[in-house]
């Protein structure tokens, strides 16, 4: 095992690319397809070089997401291990039947005789100027559907290990990457498998407040804390990494110590997955949960203009003031 | 105003039919369409007699839900007031883009210049023998989407008044009816408008425990309470009727008195709308929320066999034991 | 290996009697919920399965009992599944409209109109890459031709050159609405829109179906393409179990009964053959049904297994 | 009222220069995110809008600046919207890819491939019922022909006899993939699959487009039907603002520039006409751009309004 210092610095998108590359080597039954993924290397470069290396195991499809996701399910049941790219998570809505009514049911209804070892890779969230139809964070919708596993990795290291573990898994997994994070860099434990399906990561420990976050929102939390939010208090920060299954025991253990919970995600607050986190903790801890709060999109479609988007999306300032308020309770 | 005693007893499905009929009279720009709604009177009879009475304002469409929902949006923006029937809520998934990316955005992105006064009527939930693809309760998914209003009426009176109010509204509304409740009867305040968008109904008042429910699950709660659950304690029961917007102030007022909260819905518990209810209360009341619990589908697709469905869906017994346990805290 | 008409007849009769037995079971309260019977359409699965390889993957709709039986699922297992028992198929999880028999390479029914087609495309991709000559067949109704997913799959099957057979069972209706009111052109006329071969066949004649499907299969493999087959037939029962069929024009059912695939086969067989096959199938199905009623309901403890397979 | 070629040229030039101005604005950091320019495709909106009624509802794709401008949206409003300013259009809420101009009966762009077609069908239903002779036009790209929603809408428009025009702008590519690799047949070949009239036109010639759209509109109304028009053109820029177009075969862009609608119009106009129009449009767009840059960013307070309209 090489020492951590030896691991390379990779961008998030390059980590995705490497995970696909290594998995294609490990799993001869794996195929990769989607719009513009083969000849054009992927709209964001996730599949760069794979066609040259793996030939027709990597192929382009028409702009037909229903057919693509059905093809993922069918080929998976037929013995392959498809990884399909949906260019923007917003496009999942043209093909949701194949996920909710087909993919999610196949194992259960056949009592495990039909397996669907497939991964739906997509990316989500807002970047400056993107319109309402290209800005959504939709992970909560899929966590509500029995039979799906859902990951929302926030670092190059996590997207690498989560993708590899998801591909190796015999269940359908949806991996929500982040367009905004694609250029960000970090050390990646190349070659090391971290098959912790559903395992969160504790970013920093603390005793006064638990902050739970995932995906792009993690950066807001880190920035807020780094800039001194809740100064003097000791804050525990947990990146869930997976929301289905999710690491409820870690969060419960934490809040049972801190008594205070903040959840921060980019998706709409109302009926978002933050609600699941807070209510699970409330159910388990009762009045030992002294104070809680959720931060997310404030109930509007995401407007394109940065001046407006800033007003409705979560910000470092909103995180900081929530931390301050929660610590008062 | 006629006295309550004079109001007729109608079945839930007949109340739907009457609301459509009266609304077609009130709103000359209203149209009704869907699969088998005109000549065959609707798969469940919701549109019975409307073709004969209103002619081509009621029409059948091919089995093309995306085109149907797009046609709803376009005709609404073009000055009509469409009410479209999606036969089973499970079929929304083949056409979700038109709801999430099109209908939900139109007012916001155009700053109110494009209005979408439309109603999507559908029915949901499990009935004995129905398969996993015809049994889902999916209201939570739509509550998460900014720009949609979502109702889940549980009685003939409510479906009548909610449908009429929704049709009259200049916003898109999704009304989730219940196939299981279609034959159930109740008094309907015909002719009386109850335009309480987002207003819940308190079924019974109490001081020891607040039970929040909606849709088909309401009957489980009523049966549990009627059969003596939590005997000796005083239980408040609230039927939300709407989950977007929802009557959070009523629930908060109630739990601020009772300190205990049970939410019961038929949809999957995980990331269901019950999580929004519990977490909103937890955020607002802090440790004054002494105990809470959610009851819903237990994380599986719904199996067809009654012997199995019974094991995974909410039951009166599960409600009763949750009530007992909560009252211990 | 071509089947004789008598063999086809026997197979069709099994399907017919299973469906009729299920109607009786329904009336007796043994079936929860509604079922979609394929009465009148038996020649299509029987003819098709007689020329498909046993391991060609198969997908059908909610009207799929015939396909399961033609693929070798035993009547007892199928009827038990429909009655919500702990059947050998899906242990009651699937019911009438969503059952599958993976061991028979029957990847299942589908209760979402058209949604089996994209899935079949995926199976076809797997078969093509396995390179062992298997060709999937997916059956849908005529009304399903207007679902977006069918369109997407046919185009994708064409441009990616995927061998697959789409069988369109044109039974005259989509639920309560006659097909012509819903679909601008017959299914077959859409093959050209995807540059794929299309064939029509008499869906009430198992031998015609067999020869068309055999040809379609050959071409799919030889030309590496998706192929469309439209089989003309008629649904001789209601759309679902409780359908009173008030929407039918007077005399239609009677007229259509004349081209019932079983009646037509009976005309060609000798009286003796018919009597003998009938007697044996009637008692076979009666026994199978009796056996099915002996199978217990599934145990609720198992209800949480297999949400995931790992 | 037929427009002269000079008029068409002027309109096309406005679009071209707005798009080029936006490219410059992007380079200067004045535009957040990416945009999809219609450079090379200007003849289609210009020709079509010259024969549509001003109140015929219009829907376009994310590549829709040309449609907005051809429908009478002023360049200052459009450029301000693209730059995220408090524009008269959508106040910065829409941006480049999702803008609308309801007062101009432009129901907007759509960033989901094909998704405007069902919406246009609904507008067409409203127009037909209003009975005032309006006919909606919806424009999509060639790649969008493989989306399920387009298929469903064409069939529904056909069987319900809804007058509507589907304009398919075949620009040779869907993102980075050449069209023929994605679509089994040309768009026009699909009209028959819906039993609707289909016309092809030279999408680089505004006069050809105008006469085809006029004919399509007439037939749509007279025959109460949806009509498909395929306009052949070429995207002379990248798919989106940052696209380096490495996927293009050598020489392709150069060759295609020869049939650029502006270059072709210039050949037919006199040198004087061209010079004069150019001069006036150049200064017009420069002024409009300058004005757009003066418009402030929208005020965040308003960001919560109009999630609902009641």
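Here the chain labels run A, B, C and D in written order, and each chain numbers its own residues starting at 1.
To be clear about the criterion, a residue touches a chain if its C-beta (ideal position, glycine included) is under 8 Å from a C-beta of that chain, and two chains touch if they have at least 3 such contacts.
What you are looking at is a predicted structure, and each value in this text was computed from that prediction instead of being measured.
Enquirer: Relative to subunit B, which chain's C-alpha centre is the most remote?
Expert: D
Enquirer: Go ahead and note the Å separation of the Cα centroids belonging to subunit B and subunit D.
Expert: Using C-alpha averages as centres, the distance is 40 Å.
Enquirer: How far is the middle of subunit A from the middle of subunit D, if each middle is the mean of its Cα atoms, in Å?
Expert: Distance between chain centres: 35 Å.
Enquirer: Where in subunit B do residues touch two or more of the other chains?
Expert: 61-62, 64, 66, 90-91, 93-94, 97, 101, 105, 108-109, 131-133, 146-147, 299-301, 303
Enquirer: Two-or-more-chain contact residues of subunit C, please, as numbers and ranges.
Expert: Residues 91, 93-94, 98, 110-112, 115, 146-149, 152, 155-156, 159, 181-183, 307 of subunit C touch two or more partner chains.
Enquirer: Examine which chains touch each other and state the graph shape they make (line, ring, star, complete, other).
Expert: complete
Enquirer: Show which residues of subunit B lie in contact with subunit A when the two form their complex.
Expert: Spelled out, the residues of subunit B in touch with subunit A are 66, 90-91, 93-94, 96-97, 99-101, 104-105, 108-109, 131-133, 136, 140-141, 143-147, 244, 267-268, 270-283, 286-294, 297, 299-301, 303, 329.
Enquirer: Sort out for me which residues of subunit B touch subunit C in the complex.
Expert: Touch residues, subunit B against subunit C: 35-36, 39-40, 43, 60-64, 66, 90-91, 93-94, 127-134, 298-301, 303-308, 310-312.
Enquirer: Name, in rising order, each residue of subunit C that touches subunit D in their complex.
Expert: Subunit C reaches subunit D through residues 146-149, 151-152, 154-156, 158-159, 181-185, 189-190, 192-196.
Enquirer: For subunit A, which residues are in contact with subunit C within the complex?
Expert: Its residues touching subunit C are 31, 59, 61-62, 64-80, 82, 97-98, 101-102, 105, 107-116, 146-147, 149, 169-171.
Enquirer: Over in the complex, which subunit D residues touch subunit A? Could you list them?
Expert: Counting only subunit D, the residues touching subunit A are 31-34, 84-85, 91-98, 110-115, 143-144, 146-149, 174-177, 181-183, 247, 297-304, 307.
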